[in-house]
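These notes are about the structure you will find just below.
Chains: A, B, C, D and E, in written order; residue numbering restarts at 1 for each.
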């Protein structure tokens, strides 16, 4: 694939550039470079980082790493540079020896330019790191920085790399360097373009696109046709991506709506306070995390698993309280439940606002739920995936519960004919309370999930209530499968429309679609038919 | 076992029952007769707990159940076949029957086979939604559903309405069978006089919310019965 | 404003293009080869039935035979999968909606009594009385002496005169049955469909109902469904026995009730 | 004794969608009034805060404004956040001749004799941010906004400005999303795509309020790093960031006239007072709060200079009043009823704070009528005699009809 | 005349009281505002006049909602859309009245079009400089939208919550559409800064008083019309439709026509309410379309008493008065008070304020009432 001889020649050329550079520059002492970092001028810092990285000094890695982590400081008095250790003590940046008295220090500040320099530098410096993730990151960094000076290290790393996946990354990085390097010969650059085309993602496109206008025409042509090819495959992936986004939006809608499918769909209560139950779930997550942060920081990563049952219980308990105090007086007057629950929703919103304040509360995302990974060219974000899986689990559990347990049967019996259910010996008051509690509890679960992607503020619920009603009604009231299909249809339709129509128009079109659809199917997607519904 | 003592019942300002007293004994069929709108259904609703009463008391097996919610009464063995069927429309026939499990112990939660031999059509239609059944089928389901709870008192409000002649005969036989078991009380509201006369052991005839004629089979005058049902 | 968009779409006039045989044109109601199934279950199976003008017909048959479903097809509540339903020899009922069918002169009393619960008994009847049924007609309509007389007459017939100011929702089950019969009379339709009129009535009332129907049948066509053999006997008309969605036997009551199959599936031994 | 107080109206939403932003402004006003009273009030009278809740409901803003002025007889009102709420109350303030201090950056194109604008005009925030990006070598821009007037106008100005700076039209992508937009997957992916041509790309965000949190969460999740495609926002401050885990967002930019992290004695003091007032060690401060601090100080000075709280006199006295701002400079009320402000560009830090990385050497004078828009190019505002006009057309030499 | 007889024939005592009070208000409020000096205890303040004028338009909107919800069972969660459309039609007229007095002194274009760089007046704005045309549009646009929407929905037999939710979708879609600046209706800021109406300064106290009286008169006419409809035979059929729609069809009534008729009448009423609202509050913007607003309207009707007309108007007044008062008096906790009010009303006044009051009044009259304490059995559900 890669034509060895040419590459060796290139390498030799590059090495000569590095080696034959004026000795002063090469043997440059790290000290003045590090000293240069004690400044307020970002460009100086960035320059120093780049120089330090290529200086070959053993101090380069620790100093740059410290800078990246905001641990590099300097003494205001004499501009001596120190590294703050995790323990809080200081060591000299120049020597690595501990210092007793650092005096008043200021951190060396970062901006994006400096960060870019650091990334580039760290790329070269960590290519041999024992941690595969760091190596992969380093290769990516080189790919992005296209830093020619990293080439020798890269060559060496490729030789030693065991992990096939990382080796590919490294080869791509090398190709990136080669393509960008004006010194490399044409054939090599074109081969390298081939490597990059195989990578085929947005970064590859960006890499090819940034080819300077001064590159030889043949190279530019190759890059151009590679770009076209990449764009073509990416277009296909984009469609897949949109469907995926649709699924993910659909599962958010499903989570938000499924509690309503119980309180409204099964029980017939027009529950305007549903959104507030979702909000309470989100706030429960916040409180759980607050408590964990002070009491057991180690558990932060599993905080959501603690928050889930808590949110279910808290929202469920509030739901039961609402049912016992208010809703139970309103059975047989379904429209009045709208008025009462509207009142409840105002009260709950204001209660949360007075208690937690009107501003957003921070809910942290556990590390296993952040970031993204790629399947083909489909970027899958971990939190969305988690939500999809979670929604599916909630749905399945609920379905089983309602269809397979006596409680489910009793719930349906009570809502279809409360008086007769009582005469059959069903404890209607318990069933009502528990059903409402269940719907609210599930709304609480949705709140935990939504806290991961949305504001945790008193208005959280308001944003979902309309959509939830749309989903439940679109799918057909009283039918859980309808809710599922409704949520997914609306989610996917929304996401397929959005790239063409834009978010606003897309949403309008979707609403119009719902209106028209209901004309065709006046009882929703999964309408019950026959005498039974009359 | 059931002792209704001078019960009054109001719908808003209108009085539907005036000092009605009724006794139901195990192993006996007690019939309530009367023209349209005299208060028969109202009396059943009072017994079952669907309508609060405004005077008098109701004793069941010696205990005052006047203030008990309907499900408590059902759990104590009172089953109800209402006028107008009141099937759970969206539950299947099977599920409709299974709603009768609520007051039962876990071990007893089965549907007795007798129900299907009495109403074979229910067996064929186990998976159909209750609301889709024909009127007569629903009536059969309502009776079957009440039997699932293994009641000690069964309250039947015009159970033969809309049912085909052959099955009316079967229902008559079934009631007779239940009576003969000896431990079940049967309270029957019926307009179909032949049917009632054939089955009843004790009769109450109502008029404008009052009991006007009462007595055991044989004691009551047939003509009086007929006359009280006339227009 | 309201130019009856519905009517322009569903022609209420006779469908002229089709020439119909005499048997059709001379009947008031003509059902031929009608089938309907619900989720695979055939409730009506190739049913054919002819009602002549001025005829009264009794329909019997086991529970679930399809009697009510047949009524639903005639009133437009259920659309048949196949078959013809032709009224007055020329109107294809399967292409009309409920309102149009009612306005052709087909009235019905349902098996389960349905009345307007938050209206008084009197208003229930008033709304049923034959009169202008358009929006603007009813908007400016005032109750004429003629209508008032008719309402009184009907309330007298169904013996609800004392209850005229009560809300229909407060009536007992049997009273609602009567009210519905009253509304049916008020409509004065050409064809009356009556589903179990005697259910929930005392024997004497049942007999009264039979007399009433016989009286009506002098000037109208009537189809009546009942399980009460005494009642049917009283009517003394041709009887059709349905079973599993099609006609099992037809003839006088004596003929039908001595039919072995009818005894087997319906009357019992 | 009741007459001895001077009433100060506070017209900020305490419920509804805007409560999230506006409630703190109410609190900061209460603090300032309390402090002023400790210092002996104004003109020897105590100040009395009159708080009402217009509930994020625009017509209700007008109703409440009328109530404050006509019934409560407030001498001055501090309030509003959204442009539409300001537009809603503007006729009321003009009709009843009262004074409103408006503390939020906005699209400009307005200068009422009765309103003092202490937030930034587009040239005091957006234009310098673009300059910064251009200097950083950015050549491709996504202008991402919520669909309402401020982003629309700002983006129109920016587009004109970018084109004038030689940015090609195809290198500018403008997009709008609805209020409260929560699902950013598609948009963020589109931005990623737009930024994948190899030309250095940046996002200029005028996304509003609640929609920011999901936007930034999605940016973080899809791994858009500031080092690749920086996002510079105009209405994101410490307050908004408080709800997000900012670690994936380090390096994204905000352009504003104040950041909590600004290290000046005045600001340190203000933060300490604010935290003491809120009894919360972690309470955050933001730019509109600073605007109220400046506005309030100016009003007090003007009243003292005028010797009365009479609106006309105070309005006249306001122009030229200068007070120190919290970032170490002096802000002055200009004749166009806007104030001079420094412009800061900051980068988001892992701890949720915003670090200044660039700032204008001095303060910038507001251009309420943008020179980049056709219709407003010829307009100027000067509320001093003899001009007394908020929209004087220099070409026709006439004051527009809005003036009464 | 026939029309007066049609309108006045069926007014009951509550109705007469209501009408007389309104007529008094229409005359007295302007007099007390304009003729009585501000110091006098009888003076009605300027603020009160515009506030009450606003309540009157809300009351008319509530009346429109009650007409469809209370009598025909159509729970509309989108009546705010008709209100807002009427409001926009009026707002567009008022915008055009500004003429060259806008900040940019553009002879034709409203300010927001100038700075968003519109070159010419969009088609939708044509004709709005004429008052009669604007008035016509005030009725036509909501009416037509309601007619088309209703024609489809009722013909397809969309009922119950399905209908409610698509009305909500309608208003929501309109809200998003009007938010879009591209639509040319001022985007989020809407239309504001009006100067005069029919040549009268909109901020002058006399104009305000006249607008107030006009709103009262509109409310009176709306009430008379609604009352005439619901007491006519058509009204009975509406109630029948509410109770048993299918049965009404079997009686031969074209249910969809009846529904369409009240639906459209109600939408036009809402539109007129909106048109009177805009000059009094001075702004119209897309948030009027927000679903929450429509739900609030439902809440007014429920509070006042569904199906009573007068109650609906009363409910609108009471809730909005409470809101105005609470937001000023307890700015921090007023939602507790308002939410609490709604809960209390549903629990303790099941028929709304007016419904419960008339029940109580009727019962007072009846002497043969059984003593309430006599019920010994409890209705268990």
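Worth a mention:
Definition applied: a residue touches a chain if its C-beta (ideal position, glycine included) is under 8 Å from a C-beta of that chain, and two chains touch if they have at least 3 such contacts.
Remember, predicted model here, so these are calculated numbers, not experimental data.
Steps from subunit B to subunit D, minimised over paths through touching chains, total 2. Core chain by CA centroid proximity to the global CA centroid: E.
Comparing mean CA positions across the assembly, the chain most remote from subunit C is D.
Chain geometry summary: the mean Cα position of subunit C and that of subunit E are 44 Å apart. In terms of their C-alpha centroids, the spacing between subunit C and subunit D amounts to 74 Å. Separating the centre of subunit A from that of subunit D, both taken as means of CA atoms, is a distance of 30 Å. Distance between chain centres (mean CA atoms), subunit B to subunit E: 51 Å.
Shown for subunit D are the residues in touch with two or more other chains, namely 14-15, 147, 176, 178. Within subunit E, contacts with two or more other chains are made by residues 176, 179-180, 246, 332, 335, 380-381. Multi-chain contact residues of subunit C (touching two or more other chains) are listed as 38. For subunit D in complex with subunit E, the residues that touch the partner chain are 14-15, 51-55, 57-60, 62-64, 66-67, 70-71, 82-84, 87-88, 90-92, 95, 109-110, 147-149, 152-153, 156, 176, 178-179, 373-376, 379, 390-391, 393, 396, 398, 400-402. The residues of subunit B lying in touch with subunit C in their complex are 11, 14, 35-37, 41, 83-84, 121, 128, 132-137, 139-140, 158, 161-170, 191-193, 229-231.
Residues 48-50, 69-71, 74-75, 79-80, 82, 86-91, 95, 98-103, 129-132, 145, 149 of subunit B are the ones that touch subunit A when the two sit in their complex. Residue ranges on subunit A touching subunit E, taken from their complex, read 270, 272, 326, 328-331, 333, 335-336, 338-340, 342-347, 349-351, 354, 418-419, 422, 428-429, 462, 466, 469-470, 473, 477, 504-505, 507-508, 511-512, 514-515, 518-520, 522-524, 534.
Residues 1-2, 4-6, 75, 77, 97-99, 102-103, 107-108, 114-119, 123, 126-128, 133-135, 138-143, 183, 187 of subunit C are the ones touching subunit E in the complex.
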